[in-house]
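Take a look at these structures.
Each of the two complexes below includes chain A, the first together with chain B, the second together with chain C.
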Partner chain A sequence: MTNAIDIRSATRTFGRTTALDGVSFAVPEGSICGLLGRNGAGKTTIMSIIAGQDRPTSGRVEVLGHGPFENESVLSRISFVRDNQRYPDNYRLGHVLRIAPEFAPNWNADVAAELAEGFRIPTKTDIKKFSRGQLSSVAIILGLASRAAVTLLDEPYLGLDVTARALFHDMLLRDYTAHPRTVLLSTHLIEESEKLFDRVVVVDRGRVRVDSDVDDARDLAFTLSGTTAAVDELARRHTVLRSHTVSGLKSVTVLGAMDDAVRADADGLGARIAPASLQDLVAAFGEESSESIEEGARA
Partner chain B sequence: MSAVVSTVRLHLNQRVGTFAVPLYITATVAAFSVLLSLLFWRSGSLPGTAGWIQGSQSNPGIAYGLVGFLVYFGVASVAATFPFALTLGATRRSFVAGTLLWYAITAAYITVVLAVLTAIELATDHWFAGFYIFDVYVLGAGDLLRLVPIVFLGVLTALTVGGVFAASWVRFAARGPQLIAAGAVVVIVAALIIVLPAVGTLVAAFQPWWLAVAAGVVILASSVGSWLLLRPAIVR
Partner chain C sequence: MFADKGPAFQQLAAKIADEIVAGTYPEGTAVPSATDFAVFHQMNPATASKGVNLLVELGALYKKRGIGMFVADGARDLLRSQRREEFRKQYIEPLLREARVLEIDDTELHHMIDEHEEDET
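What follows is the complex of A and B.
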């Protein structure tokens, strides 16, 4: 399968701050990939580089087989609206809907109109006065109605109510099914979104921690819970990503697959063992100490 | 080329700002100029006298009224529109080219508006009442052959200067405009130090086309500066 997005050893520094540190991953054409991680993990920087709005300090980025930076033919096939998108002064929804088709060759006005109505976006209010949810709605319209070959959705749920989130899910799946494209979606609402994903990339502190099919990602870690002594004993043989203790009871998320031997040990010590959810995995990598990341990197 | 045209359309998408606001400002300045004339009339000055004409034609209100807005418009055309243009898929190259083209269109539009209003003012013998609003020294004193380059180059200068300040802000945040302003002050003071001993000779030899050349230099420097600043700029 051809990769729509291919990032190799991308590093991005801002002065003394390293936002991305040797990031490598690929997104196959036609897949919906979740880009997950804590605030400041590097998700928006990655998307910004893919969209040609930024350049890596070192490394290589290809979108649809070409470098995106200042590449008009590639940029016309990418849609990226950042979570803190700025709009020209005095812009209203009508301004956006009028100009977006000029840059998006596959723009679909019906999709835009349906979303605008569904989200109940005000038409006579300046965008700069919009609520957080209304701003997200405008970004979703730009992202979905453009039907771009590579659609980057940066925190599309921010501020959206439950009805609006359902509308977004329905519309994304319906339009994606009719007009397949590559979608890279960053979000913190992992449980709500994971049914959309066929791949996930988890980043933390500018590094890729997980890059796999969504089903394989669930096998990357598991959770152990029980008495502190039992859990400590079981966890001794694993890399602990996250640990939580409450009055003699402990729960840990550890790296590795749940095999029969681990199950038997857990049964023997009276501990509970369960596969880590995608949310557990992201939370665990986000909580992992710098030291263990360094150890992991050395290993 | 298509992305350049798209960028022009992106700027023209703000129809009120491009086409209506200059008219509002012109109408407001005209209203104030009329009120001012009435004030002088009531205080004893007579329309049509040499003093009245001299005083009325010295009123630079129309220039002051438009320049502030045009510099702001130049700033907004880059500071607020550049991030959105990149979001839509414009390249930096097409954004800068399209923005310069839009500056020229805006300058031509305002030039036509002021030329038509001046022609009407002259044809009606100053609105049938001796009111000098557009037939003023700063717009060429009723000479359309002087008005056209003055307004076109003046508007283009204001827009490109606003644009380069905004480009420096996009590139370097608050430090950008500060550096440009400091650099401009240094250049102006250095030029004054050099020419001050000969200022009398220069004033005596002054030709209006010097201003056109100066405007051309500022427009060119601002345009090239905008491109150099935006070429590596990123959106955050």
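What follows is the complex of A and C.
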């Protein structure tokens, strides 16, 4: 399968701050990929670089087989709406919908109209007065109605009510099946969105920690809990990502697949063992202290 | 095979299997497409295809080229016998384990089951 997005060893520094530190991952064409990680992990910087709105200090990025920076033929096939997208002061929804097709050759007005109605976006209010949720709705309209080969959705859920989130999922999947494209979506609402993804990339402090098929991500880590002695004994042979102790009881998230041997060991020591959910995994990588392991997980 | 908390594609396969066993999708009739399942359950279309294909590999569903996906003859019996195997693992084993922890002996356990059945009827 060809890759729609291919980032190799991308590093981006801003003065003395390293936003991205040797980031490498690829998103296959037609994939809906989740980009997960804490605030400040580097998600928006990664998207900016893919969208050609920024360049890595070193390293390489290819979108649809070409470098996106100042490359009109690639840029016209990418849609990227920042979570803090600004609009001209006097703009209303109608202005945005009229100008959007100028930047999106595959723009579909029906998709835009259906979403605008479903989201109940006010048409007579200036966008600068919109609530957080209404701004997110506008960003989703721009992202989906563009039908761009590469669609980058940066925190599309911010402030969205539950009805709007369901509408977004519904439209994304319906329009995607009719017009397949590559979608990279960043979010903190992991449990709610993980069913949408076929791949996930987890970043923390500018580094890729997980780059995996979503089905394989279940085998990347597991949690052990029980008495401190039992858990310490069980965790000895594993890389601990996160641990939590309360008066003699301990729970840890460790890297690796849960096999029959470790299951039997846990049973023998009276400890509970369970696969780590995607949310556990992201939380664990996000809690890791800076001096701990350098190991990531790839599948 | 169809663990409740498995990957999403297995969960979908389990849901469809439930519906076949329950008779919602009778043998010989069409089931919704993987795309329809994806939109309905708000899940990734590739994942939904994987779930549907699991049942195709098992012989419970079959594809008619250009028409869609159909429930195979004998699918209900096939899935039921599969479930009986699972029943032992998912229900009997944990039941006996918990009974041992609570020091419930076999006689008492049998008695509890009989008593429960009487309550049900």
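The rule is simple: the second predicted complex is superposed on the first by the 291 of 299 C-alpha atoms of A that agree within 3 Å, B and C clash if a C-alpha of one lies under 4 Å from a C-alpha of the other, contacts with A are read in each partner's own complex, and residues count from 1 in each chain.
In this section, a residue touches a chain if its C-beta (ideal position, glycine included) is under 8 Å from a C-beta of that chain, and two chains touch if they have at least 3 such contacts.
Values in this document were obtained by computation on a predicted structure and should not be read as measured data.
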(request) Once the two structures are overlaid on chain A, check if chain B and chain C clash or fit side by side. (result) fit
(message) In this superposition, which partner touches a larger number of chain A residues, chain B or chain C?
(response) B
(message) Under the stated touch criterion, which partner chain does A:Ala257 make contact with: chain B (first), chain C (second), both, or neither?
(response) neither
(request) Tell me which partner A:Leu173 touches in the superposition: chain B (first), chain C (second), both or neither. (result) second
(request) Classify the contacts of A:Leu249 with the two partner chains as first (chain B alone), second (chain C alone), both, or neither. (result) neither
(message) On the A-aligned overlay, A:Glu70 touches which partner chain: chain B = first, chain C = second, or both, or neither?
(response) first
(request) Identify the partner contact of A:Glu102: answer first if only chain B is touched, second if only chain C is, both if each is, neither if none is. (result) first
(message) Going by the contact rule set out at the top, does A:Ser48 touch chain B (first), chain C (second), both, or neither?
(response) first
(message) A:Asp89 in the overlay: touching chain B, chain C, both, or neither? Say first, second, both or neither.
(response) first
(request) For the combined overlay, can you note the least CA distance between chain B and chain C, rounded to whole Å? (result) 26
(message) Considering only the contact definition stated at the top, list the common interface residues of chain A for chain B and chain C.
(response) none
(message) Applying the document's contact rule, which stretches of chain A touch chain C when the two form their complex?
(response) 30-32, 166, 169-170, 173-174, 176-177, 194-198, 214-215, 218
(message) If we count contacts the way the header does, which residues on chain B are in touch with chain A in the complex?
(response) 3, 6, 9-10, 13-14, 16-17, 76, 80-81, 83-84, 86-94, 234-236
(request) Spell out the part of chain A that touches chain B in their complex, as residue ranges. (result) 48, 51-55, 70-72, 75-76, 78-82, 85-91, 95, 98-100, 102-104, 142
(request) Please give the residue numbers of chain C that touch chain A in the complex, ascending. (result) 7-9, 35, 38-39, 41-47, 50
